[in-house]
Structures are given as structure tokens and as C-alpha cells.
Amino acid sequence: MPDLGKYALEVLSAYGVSLVLIVGIVLLSVARSRRVRAELEAVEARRQRNG
Amino acid sequence: MASLWEYANPLKFMRTTERILPAVSALAALCLVGGLVWGFFFTPDDFRQGSTVKIFYIHVPSAMMAVNIWVMMLVTSLVWIIRRHHVSALAARAAAPIGAVMTVIALFTGAVWGQPMWGTWWAWDPRLTSFLILFLFYLGYIALWAAIEDDDTAADLTSVLCLVGSVFALLSRYAVNFWNQGLHQGASLSLDKEENVADVFWYPALVCIAGFILLFVALVIVRTNTEIRARRMRALLARERGADA
Amino acid sequence: MSALELRAENLTVTRGGAAVLEGVSFRLHAGRALILRGPNGIGKTTLLRTLAGLQPAREGHVSMPPEAMAYAAHLDGIKAVLTVEENLRFWASVFETERVEEALDAFELKGLRTRPAGLLSAGQKRRLGLARLVVTGRPIWVLDEPTVSLDAAAVEMFGKVIRAHLAQGGMALLATHIELGLEEAERLELGPFKAVVKPDEHFDEAFL
Amino acid sequence: MIALLARDLRLAVRAGGGFGLGLSFFLIVVVLVPFGVGPETGLLSRIAPGVLWVAALLACLLSLDRIFALDYEDGSLDLLATSPLPLEGAAAVKALAHWLTTGLPLVLAAPVLALLMNLPWQGYAPLMLSLLLGTPALSVIGAFGAALTVGIKRGGLLLSLLVLPLYVPTLIFGADVARRGAEGQDFTTPLMMLAGISFGALALLPFASAAVLRVNLR
Amino acid sequence: MIALLARDLRLAVRAGGGFGLGLSFFLIVVVLVPFGVGPETGLLSRIAPGVLWVAALLACLLSLDRIFALDYEDGSLDLLATSPLPLEGAAAVKALAHWLTTGLPLVLAAPVLALLMNLPWQGYAPLMLSLLLGTPALSVIGAFGAALTVGIKRGGLLLSLLVLPLYVPTLIFGADVARRGAEGQDFTTPLMMLAGISFGALALLPFASAAVLRVNLR
Amino acid sequence: MSALELRAENLTVTRGGAAVLEGVSFRLHAGRALILRGPNGIGKTTLLRTLAGLQPAREGHVSMPPEAMAYAAHLDGIKAVLTVEENLRFWASVFETERVEEALDAFELKGLRTRPAGLLSAGQKRRLGLARLVVTGRPIWVLDEPTVSLDAAAVEMFGKVIRAHLAQGGMALLATHIELGLEEAERLELGPFKAVVKPDEHFDEAFL
């Protein structure tokens, strides 16, 4: 861990919040992608069955 | 050589992009982690700014992305208006929330940086102010997409909003400059060597910028494909309903 | 009125992104009326809106431009706070004609001319909406369920106005579920044109 | 065109307070501000130009959704779109009617409210001039936003969100004219910019509004 | 009651931005003010408490018409009135839902916006405290106004006119708490008054709202 | 269900300040249904709203309180963004009953339970609106034109639900223009109760 001096709080919070936001949007995107993919597959399967 | 427009076919777009997605994501992760770790742990403090220079590695890439994502949305909106390729409209829709998040990151890191540097969290500096306005544009754009039921209508309306909004965003940028002269750093990529940030700080920053760009590409791929699937699903459900009736 | 023939060829009309009717073709000569028939939801309203130029057709061709048509639908754009006459005068000046008196006469609205439209009964309101057609002076009338909430006497009034319009060389295109007493009109059953979903459709087309 | 204008004005008058309501909102916001920031006259007179401009802008904003929504709901817009009037012209005329019923009264009422806010005397002329030049831009920009959201139920808040960022340049230059005027400085540059924005918006935005309306009518 | 609250919250979330829009309006108004009055931080920090309060009030105001109008239009209100829920309770719950979707986010967002306005640091706690105490009053008073105008088409502007004067006492005491706090003075007196208004409004106005709703449903 | 008899005596109901129906009296025993008939505008809707407690009667007396009644009209208070099941569950918890499954069954909505109500067809939406009645668990159903936009199969479904409700000792009061297939129900013609404007009314009463 580097010595951040008197600005430790600033630097750490900048990194922390940014990382949380980035990870947040990545997770949201992936989760929604999974969900929509599954839903679409269900609909397509129903379509195959019903012709 | 096949025309670029072939990729406007949703299926082809999805196949191609999903093939390259793992590589892009891996590279993005590598660059991001590498650049940030390099920047955070292995660069010296600036003699004036102390350890706060480390914020640079997030602040600058996110600020650049925030602007460039809007430009990309403008281009894809134009493509939709002119050639009516659905993928294009959906890519703009997929990109907007990423742009908004980038704007928030730039604003937040800037504010945190401003406190030690300028002695204030926020000043109505032109660049900061125009970022705030950019954020509002992102919000309006996203809200309009969300509010309209019909997909093609939404695509058309948001595209026009993006066009008109870009013009007004430029105007605002100019107006804000006129309104208040600023505190903020000039562009560091300027040719004037004096103003440039020292190389020690620049190499990791370049890696971070590459990381942010790759991250954006990966996210846009995932989100665009999600939008394509959601669109397809709505179309199928509408048909089922049509067949029931 | 110069219109000689209205031809629609192989029209495909869409609603909410999905094709509703496919391959609709018909011809209509000056002085004739055509009644569109079909069950609820078949796409009558959609077809009429397409002809009137309010939405683009996905495919096909119409021989006359929307500027030749006067469109009237369920919502008749009547302002409750304006009087009957003011409502008509407004449309007359938009369409640059002078036929307000004629229109008031045709639908027996003379006695109501100074009544604010908001105080009219449903049937009277409908008559005012139809009177607007006279005022447009356009050759092709495109009417979506014109006789909703009219009583028998008013339906007859409407029939007379249509016949007079046709006699002057105009045309009329009507969608309706009930009999209008226009025996001489041609009929077009829309059932056969219902768009079918092809099972082998490509993924990218499935958006549409 | 003139018929449409006459009808819109008549509707505004008869429908109970097309004129009055925007104006009263302007009045109320201006009155609320001293309650918020405190009654000190020095402070008030310094913020007066800005507050008057922001209040005028909000008053404009709140009456925007009437521009097209009522005509959309009762079918008039369909009929107008199929009439010989070019939709661009109709959009422009409707923005004009909005300006006449909202913007113009605001310009005329501004001096009275400026009095309440202790605006220095040399600030009156620039304030009115800037509002006179700026409110037409607010109306056409607003009409564009109203056209975008015409099909959306209760789109009022969304409309505000879309339109307010577009108002930024007008506001900046307009308030700057008024502020410099009040401080006795030269205000030609912002005035030229304001005029430029107004004429640009007037010339171009009706086309965008009409395009957007066509999409919404589909 | 809880079911009604859960439903209203769910509707706000699903219907796209029940939360977001009021908040964005708050943000926008606060952003516009510096454009109007100029970027000087000293001036901004002096008017910050008042501007934040007025902006919060306007943001509340603009989302009021959703409280009852949507339920009125689709018939839910008739059905609620004939259900075992007392209409008073329903009115109170709907005001609560409005507060949770609009007022509470405003309270939480206020510090961020206070940052933009350069509020002195000692002003943050009183600002949030005053908003926390005051916004519930804004919601119940607003619900009363919304109940009054529920049958009127596009009653938004009228609603504002009716409600804004009712907001004046809350605004005065609320902004006073925030201002005194920012200046480091003692603010117990206005705080007590604000609390009094809030509790009084919360205790009494739902009855008035219910009575007015009954009249409007007839 | 404890209700034994619903008596209305000498009711006068008003709309927009004017009396619409006067001196309406009827009795309805547990397990029976009453159908109100009459031309457009006679005041059926007004009468039902008065019984349901949504507006006061100017005169007269009703033997059972509005709390015993479940009212359903044209607007059925369905939220488009909630699913079918969520819509019903909401009303179930308002009325503190547990009969959601029963209601879904009765109107064959099980297959649609997770569909957002905004995507239902008009007929399905109406079925959902009627399913709400089951969920209320109240003895007297007050229904204003319940079968609008229902097809034949759904009307039959509705008849079955009504009969089941009556068999449990409930009551139903219906206003309708068309036949519901409830032959056993009593009928009340409202024509004779139409309010007449008395010429000798006092000036201050004329305000009412």
C-alpha cells in the first residue's frame, strides 16, 4: 500500500466510488443480458412447440 | 470485401460480436487492472499535488469517455435516421447509461480532486459546468427511451433528440465559456510540451484510457445484444397476441 | 374535381411495427363509394390512416396523394369551448374553402350554430364532425365508422350528403360494422388480406 | 395559418386562463424566492435579474404541455396533419400562440415583479429587452419538447427534463444581458448571442418539431 | 393500507422513473439558478438554502398531479372509495407514497446539490433536517390540492396556483431553519414551527383530502 | 353471508345537480339477481353509483350499507404495469380476503397470471375486472354493463360465476342493454321513474 499522505481519504474514495460504479454497471448489464436471453429462449421454445 | 453494412443485420452483429466479446472483456480487464494498479501503486506522488495525482488515472479516461460516448450516440443516431438499421438505434440506446455512469465518475473524481487542489468541491468552472449539462442530456435521453412504448417511434424520437441536443450542448459549452472563465486544467494532449503532464504519469494513464475504451466496447456489445434480444422478444410476444386475437 | 380513379396496389400496412394487412389492392372510380368490411382488429383503421398519409405503407402504391383525401375518424377534433360555427369556420379557412353554410345546412346544424360544441349531445357532435368533410372540399372522403352514435334520422342525412358528394364526382371510402343504407356502394372484405406470420422468417426480419 | 393562430388564442382565452395561469405562476415563484432567501433588499436586488429569468423560464415550461397535447387527444392534430397546412407551419404557429399567451405577458409583467425584487432602475430596459428576445426561443424550444412527448401520458415531468437542458444557452445569455444591464455594464455581446440563438431556433426548430410530430402521429 | 402503499411504490418504479423525474427536476432547477444569477460562489452560498428549498418545493409540486389523477382516470379511485379502506387512510397513504417517491429522494439528494451551491459546511445538517421535517407537509398539502383538482383535465397549472400559497408557511420556516443553520445561528424556533406545521398538516389534511375526493367522485 | 334482503325505498338520484330518477323502490332477496333496464341516459349508472355509496341519494332509503356492496363499472381500475396476479392480489389485500386463486380460476386467467395487464386484449382485461368481484368477498354485486366487449364464451363464464355467487346466498344488481342469459333474474324497467321537472318548483330548490 503506497503512502497516500494527507490526501488518503480523497484518493481512496475516488477509487472506491469509481470502482463501485463501474462494477455496478457491468453487473447490471450482465444480469440483464442473462435474464433477457433466458426469456427469449423460453419464448422461442414456445414458438417451436406451437409451430 | 463485404460491406460494413452487413453487420447491421442483427443476427450477424450478435454472432460476430459475441465471438470477439471474451477477448475484448479480457483485454479490458487486463488494461484496467494493470493500468490502475500501476498508477495506484507504482507511480510517485506529484511534487505539488501529492498523492492526488492518482485520481488522474480514473478522472481523465472517464471524462474522455463521457464525451466520446455521446459522440458515438450521435453517429449511431444519424445512421439510424439515414439508413434505418435497427442495430444502430439499439447501440445508441445501449450506450447511453454507460455514458451517464462515465459522466458521474468524471464529476465525482473531479469533485474529490477539486477539494485539495482548488479548495472547493465544486466551482462553476466552464468545463465542470458543461459536464453537468452533459449529464442532464444523458438523463433526458434515457428517460425518453424509457417512456415510449413503440420501439421504432422511440428510436426516431431519441435520434432527433440526440441531434438537436448535440447542437444545444455545443451552444451551452460556448455559452458557459462566455459566462465564466475557468480554473480547470487545459487539455493535456496539447502539443505545447510545457503544459504536458510528465511521462511517468502518462504511461499508466494511457493504459487506463485503453482499458476504459475496451470496457466500453465490451459493455456496449453486451448491452446492444441484450437490447436486440429484448426487441425480438417484444416482437414475438406481439405476434403471439396477434395470433390469439 | 379532377380525380378519375383511385388505385391501391399491393398495400402492406403495419401497426405497432407488425404487418396487419398484406397485399390489399382495389380500384375506385369517381362517383363511387367503397365500404371496407371485416371483424374487429382486422386493420380497417390502420388501412385508412395509411391511405390518408398519417402513416407510411410498408409496401405498395396508392395512385392519389394524401392531399386529395379528407380523413374523419372517431376523434373529430372538435373544440368544446368554440361554437359550432367557429369550429367549422376554422376548418374552412384551413382548407381555404367557403362552404360553411352549405355544411351547416347539410347536417341541419343551423339552429345550433352559436352553441358551444361542448354542450352538444353525442349525436350532434358527430354531425358536426361529419360537416367538416363538406367544408374540406376534397374529392376523396376517408371515413372510419362515421355513423357511431347517430340515430336513424341522422344516418339518413349522412347518406344524402354522401350521395350528393358522389354525384359531384367525389369518392368515398368507408369502414363500418353496421349498414349505412348505401346499397350502390362496392364492398371489400378485408379478411383474406390478413397478414400471416411466416414461420421461416429470418431473425432480423422478426423485428418488424 | 392565421386561422390556426386565431383559434389557438381564442381557445387560450376561453378555456379559462391561458393567459392568466402562466403569469400567476411567474408571480408566485418570484414571490416565493424572498421567502426562501430572506428579505434583505441588497441581496434581492443582486439576484433579481437571474431570479426573474429563471422564474420566467419555469412559467413558460409549465404551460408547454398544452401546445400539442390537447390537440393530440381530441384528434385535431391528425386532422391538421392531413390538411393543406404544412405541419412545419402549424408547429411554428403553435409556438407563436404559446409565446403570445405566455411569453409576451411575462415580458410585460416583468417590470412589476422587478419592482418587488428591487431591481436597480437602469436594469429595467435590458431585462425587458432580454426577455423580449429570449422568450420566443423558449417557446420554440419548448414546442419541440412538447412535440417529442405528445404521445406520452402525463408527460409533463419528462417534458421538463428534456427541455430544461436545452434552455441553458438562452438562459445564460438572457440573464447575462439583464445582469450586466442592472450593473450598468455593456451588454452587446450577450445580446447578440441571445438574438442569434433566438433566430436560429426560430428558423430551424419548427422543422424538427414537425418531423417529430409526424413520427408521433404514425 | 400497506398493500396500497406497496402498489403505489411499485407503480412508481415500474412506470418509468417515478423516483427519477422529481429528482431530476430538483437538480435542474438548482443548476439553472447559477446560470441566472452568475457563478460567484460567495453569492451562491448565501442564497443556497433558499434556492434549495424553493427548488425542492417546485419539484414536489410538479409530481403532485400523479397522486390521484391516474387512479381517477382508470376508475381505481371509485373502487377504492367503495372498498373497506377508509378514504382518509387512502389519502394519507397516497401522500406517504408521494413523499417516499419524491420528498425522500429530495432530502437525500439535497447535500449533493448543496455542494453545487457552495453551502457552508455547518448548513448541511439543518438543511437536511428542515427538508426531512418539511417535505412530508409538502406532500400532504399537495395531496389535498391534487384531490381538489382531480376531475379537471390538464389541471396541472391550476393545481400549482392552488397549492403554492398553501406552501408559503412551510417554505418560510423551512428555509429559515436552513438559512440560520448555514449562518451558524440558533434555529430552534423556526424548527419548532416547522415541526408544528408538519404534524398539524399530517394530522388534519388527510380528512380534508378525503372529503374533497368524495365530492369529486359524486 | 348474512344478507337476507336488500330494500330500496323511494330513492331519488341526481346527476349534475338535476334529479334523474324519482321514487325508485325495489326488493331483492338473498340468492336473487335484479336486472335494471332502460334506454340510454335514463339513469342506470347514476342509480348504481348511488347504491354503491359513491354519491348520496337526494331522498329515500336503502336497507343495506354500501359496505355490503362490490361495485364494478366500465373503468375497472386495472394498472397496466402490474401483472394480472399483482392486480388481483392488491384488491385481495384491500378487501382482506384470500380468494385470488379462486378468482383466477373462475375467469380462466391462470395462463395469463404473469402477463402485465397492459398487454391484455380488451376482453381479457374485462375478465380481470370481473375477477376482482370474486376477490372482494362481498355479498351484493353492483354491476354496470358487465359484459361489454366480452365474447360469447366469456359471457357464459360470467353467467356461471354469477350463479355460483347467488347459490352461496349473494345478490347481484345489474344494468345492461343486452341479454346476459340470466333468465331467472328479476327485471326492473326504469322508464316509469324518470324524474319530471315540476313547474311549480321554488326558486331555491331549482338550484339543487
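Worth pointing out:
Going by the order they are written in, the chains are A, B, C, D, E and F; count residues from 1 in each one.
By definition in this document, a contact is a pair of C-beta atoms (placed from the backbone, for glycine too) under 8 Å apart; a residue touches a chain by one contact, two chains touch by 3 or more.
Note that the coordinates shown come from a computational prediction; the quantities given were computed from them, not determined experimentally.
Of all chains, the one whose Cα centroid sits at the greatest distance from that of chain C is A. Contact counts per chain pair peak at D-E.
As a whole-number value, the distance joining the C-alpha centres of chain C and chain D reads 37 Å. Centre-to-centre separation between chain A and chain E, using Cα means, comes to 33 Å.
Averaging C-alpha coordinates per chain places the centre of chain A 50 Å away from that of chain F. Within chain B, the positions touching two or more other chains are listed as 133, 136, 139, 143, 147, 179, 232, 236-237, 245. Of all residues in chain A, none touches 2 or more other chains. In the complex of the two chains, the chain E residues touching chain F come out as 2-4, 6-7, 10-11, 14-15, 71, 73-85, 217-218.
On chain B, the positions that touch chain D within their shared complex are 133, 136-137, 139-140, 143-144, 147-148, 153, 156-157, 160-161, 163-165, 168-169, 171-172, 174-176, 178-179. The part of chain D that touches chain E in the complex is made up of residues 17, 21-22, 24-25, 28-29, 32-33, 35-38, 43, 46-47, 49-51, 53-54, 57-58, 62-63, 65-66, 69-70, 154, 156-158, 160-161, 164-165, 167-168, 171-172, 175-176, 179. By the touch rule above, chain C contacts chain D in their complex via residues 52-56, 66-67, 69-79, 81-82, 86, 89-91, 93-96, 132, 136. Residues of chain C that touch chain B in their complex: 16-18, 41, 197, 202-204, 206-208.
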